[in-house]
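Two complexes, one shared chain (chain A), two partners (chain B, chain C).
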Partner chain A sequence: MLEFKNVTKQYRSGMFGTHLTKAVDDVSFCVGENERLGLLGESGCGKSTIAQLAMKLLKPSKGSIEYNGKNIKHMSRSEMKNYRKNVQIIFQNPQQVFNPRMKFRETISEPVRIYNLASSPEEEKKIISEHMEMFGLPEELFDRYPQEISGGQAQRIAIMRILMLKPEIIIADEPTTMLDVSVQAQILELLKEVMDKNNITLIFVSHDLDVVRAMCKRIMVIKDGQVVEQGSVDDIFDRPENEYTRMLVDSLKE
Partner chain B sequence: MKKGIKSRFFSRRRSLFTIGIICSVIIAFFTIIGPFIWNADPTATDYANQCLPPSGEHWFGTDNNGRDVFTRVISGAHLSIGVALAVVGIGAAIGITVGIVAGFAGGAVDTILMRIVEIMLSFPGIIFALAVLGTLGNGTEHQIIALAAVRWAHYARLVRIETISVMNSEYLPASRAIGNSKLRIVFRYILPNIIGRVIVIATLSIGPVILAGASLSYLGLGAQIPSPEWGLMINGGKEYIRQAPWITVAPGIAAVFTAFSFNLLGEGIGDLIDPRLKEKAEVD
Partner chain C sequence: MKKRRITKKIIKRVILFFIAMFVLSVVVFFLARLAPGDPLQAFYGEALDTMDESQIEAARQRLGLDDNLFVQYFKWLGGALHGDFGLSLKYKMKVQNVVNPLIGNTLGLGITAYCVVFALAIVLATVAALHEDDWLDKIICKVGTATYYIPSFWLGVVLVLIFSVNLGWFPSSGAYDVGKQGDIGNRIQHMILPLIVMIASHFWYYAYMIRNKLLDEFRKDYVLLAKAKGLTRRQIVWKHCLRNVAPTIVSIMAIAIPHVISGTVVVEAVFGYPGIGNLAVESAKYHDYNMLMMTVLLTGAFVFIASFVAQTVNEEIDPRMKVTKEIRW
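Right, the complex of A and B next:
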């Protein structure tokens, strides 16, 4: 469904922009229906850049990103809208990703309005309150601003908001890193449940081996923007071939 | 957690805001209703009563032409404040538009717009205003255009920086990822997050603009003698400052008081509009 073909993203740096830094270097991979792919790597390795490239928040310097065989770079406005409806992202810091000047009432209704999911205000209300209930979110949150709720609640809202779109692929970019340990497990459990129930493909970006193992079936290990090893969870954990992967796995086993 | 209404109202910042509101209401009262109550002709001369000190009859005394200073301050208010409000309003409208376009579009558009802004800012403001007035001719409308032509660049630069800081926030990519249109991002994401600062800066600049307008009037551009413009009055009375300081002091205090009130008002509005600022305010 979603395919990266030799994608490279480089930044110019230095005084005259002569120095090129490769954040993502010749990365190729493909995710199919109902797949669970983990992108594993330490911070700064380029895994978040991959997530942003997939969301077209950044443009690749080389290579192409294709959705059902169509390059997202060449998509028309309506195709892009369809793409965004089907490929969604959960960000790392739930308390920073919502407009601090917008109450949740409006923030939550955004996807419903943008994608015309409801034909009337009553239907919109119904869709939203159904989802709120499903996610155990009280309706009093409607009148709150993002800075007035907890990180766990904010992340629940973030997941709920994109779930209303019924996407095919969800990219989770370190969705639990900024949360309290006690909340992390809840959010992961919720995410897993949601994925299974709706047959959603998950691309899970994390530096946490344990979490990736719990969430994913296939793992890509990334270092310095390059894919150093990929394979099934068992292969990576039991028979790591790459030295860097072995080091990561060993550090966990200790 | 929840503080009583009383302590909220009397917290230091809020009480300053309250003072700002009260002062602004007083100013609005004198500016709008004042001329109907004290409706003597502000330009009527009375050479028998030159340079009289403040008294029950002449609250702020009389000037070198025997005109009542209080009447002149009151009837001049709408001119001085009106010009300043118009200048700030027009300047802010242009500045916000240019600043958001530059910050949002980035790249070549940003570079071109910001070079223009820098050129504008590199002129001494008053010289540029003089050049504009020299081209357009005298008059209050032209004085507004001249001052706004200088002011907008200041706002544009501020708005651009604020816009870029919103662009670099985490919620902006998130808003794009969910599929918001550019127009909606500008009006529902960028504008609400920068408007607090802009209003504060705009209100804070009303005082200096009043003084800039007065400077132009002094140079014979803008308001003309004998109209009771504050700057014109200050400059007209400066030769008598030893014998009759009230001629200059009264309009001077009026201008400073106005600037002070708008400052308090501006900061208070900024707190109200921006919940992040409000949170900080409640901490101290």
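Right, the complex of A and C next:
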């Protein structure tokens, strides 16, 4: 469904832009329907860059990203809108991804309006409150600003907002790293439940081996922007082939 | 409940205003008299040299300059509270009568310049921020910086040289031609050159501030999410970023009021434009105490009112200010 073909993202740095830094180096992979792919790697290895490339928040320097066989670079306005609806992202810092001067009522209703999910204001209200209920969020949160609620609640709202659009793919960019341990488990459970119920493809980006093992079926290990190994969860954890992967897995066992 | 809070707030600000004006008047009154020089020089000019001791003493008494400083201040205060701000030593008439016809000139020039400056600044800042690091942004930034650093007295003289002396399109000085006091077209013609200088020397300072604020805003995470949500660039800028930067722009606009007003001083001097700025400088030079008090208090009152208005507007558009206030109390 979503395919990366030899994607490279490089930045020029230095005083005259002579120095090239490769954040993502020749990465190719493919996710199919209802798949769970984990991107595993230490911080700074380019995981988040891959997530942002997939969202077209960044443009690849080389290679192409294809969605259902169509390069996202060459999509028309309406195709792009469809793509944005079907591919959604969860960021790691839930409290900063909402506009600090907008109440949640407004923030949440924005996607409903952009994609014309509701034909009337009453229906819009209904859609939103149904989802709020489904996620166990009290309606009073509507009249709050992002800085007035907890990180866990904000992340729930972020996931809820995404689910309203009924996407095909969700990219979760370290969705639990900024949260308390107790809340982490809740959010992961929620995410898992939502995936199973709606047959959504998940690309889960994390540095936490345990979390990736729990959430995903296939894993790609990334180091310095390159894919060093990929395989099923069992393969990676029980029979790691690459030196770096072995080191990661061993560190977990200790 | 809400209404009561607003009236309470307004009363509080009015009281604050009077306290501030009182303090300002005290400071200006005593500072002006600490400066060396003789106010009689302004009143009598050359004639002072031919007057003898007793005549000078009598003159001092007549003008109320022989009293103790505190007595002088309270005499002035008493008059001011009744709307009488005393006699101008230089013009030998009531201060209000000198100031009144000039206020309109300065306000007209200042307010027009202020509006154009901010309209231009906001538009240019948004365009530049949207095209960050593009050729368009680079051109705007470079031209803006260059204009900002041209000294306004020099620019004024050059403009006069080009447009009045050589081309003869605009008059070089004054606010209107003799006998054409009521002719608006004539006044506008006189205002154009001073206006250009005012705008050129002010707009970039604010445009650059607003541009940077916008760029800060563009780098925030919620913009990424808004983009991922599927909002277009224009929607993000209008609905999210500009709205969030608006309180900052309002604060900048409030702080800008004294800055732009002080800008009129130089321009009025270069173009011989009859206004308050020029008057204030002259009154300080000639020890025209009552006139100085009047001009300073006028500008002071203007600045205070402007900042109070800005604060109120700010609280209304930025919900966070109210929240933090509730916590504090």
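The rule is short, and it goes like this: the second predicted complex is superposed on the first by the 254 of 254 C-alpha atoms of A that agree within 3 Å, B and C clash if a C-alpha of one lies under 4 Å from a C-alpha of the other, contacts with A are read in each partner's own complex, and residues count from 1 in each chain.
Please note the rule applied: contacts are C-beta pairs under 8 Å (C-beta built on N, C-alpha and C of every residue); 3 or more make two chains touch, one makes a residue touch a chain.
All values reported here derive from a predicted model rather than from experimental measurement.
Enquirer: Look at where chain B and chain C land on chain A after superposing the complexes, then choose clash or fit.
Expert: By the criteria stated at the top, chain C and chain B clash after superposition.
Enquirer: Between chain B and chain C, whom does A:9 touch in the aligned arrangement: first, second, both, or neither?
Expert: neither
Enquirer: Between chain B and chain C, whom does A:97 touch in the aligned arrangement: first, second, both, or neither?
Expert: Touch status of A:97: both partners.
Enquirer: Looking at A:131 after the superposition, I want to know if it touches chain B, chain C, both of them or none. Which is it: first, second, both, neither?
Expert: neither
Enquirer: On the A-aligned overlay, A:84 touches which partner chain: chain B = first, chain C = second, or both, or neither?
Expert: After superposition on chain A, A:84 lies in contact with both partners, chain B and chain C.
Enquirer: Can A:115 be said to touch chain B (first), chain C (second), both, or neither?
Expert: Once the two structures are laid over each other on A, A:115 reaches both partners.
Enquirer: Shared contact residues on chain A, chain B side and chain C side combined as an intersection?
Expert: 52, 55, 57, 81, 84-85, 88-89, 91, 93, 96-102, 110-111, 114-115, 145, 147.
Enquirer: Hey, which residues of chain A end up touching chain B in the complex?
Expert: Within the complex, chain A contacts chain B at residues 52, 55, 57, 81, 84-85, 88-89, 91, 93, 96-102, 106, 110-111, 114-115, 145, 147, 161-162.
Enquirer: Can you list the residues on chain C that touch chain A in the complex?
Expert: The touching residues are 220-222, 224-231, 240, 243-244, 318-320, 323.
Enquirer: Mind listing the chain B positions that touch chain A in their complex?
Expert: On the chain B side, the touching residues are 169-171, 173-181, 188-189, 192-193, 274-276, 279.
Enquirer: Mind pulling up the chain A residues that touch chain C in the complex?
Expert: 52, 55, 57, 81, 84-85, 88-89, 91, 93, 96-102, 110-111, 114-115, 145, 147-148
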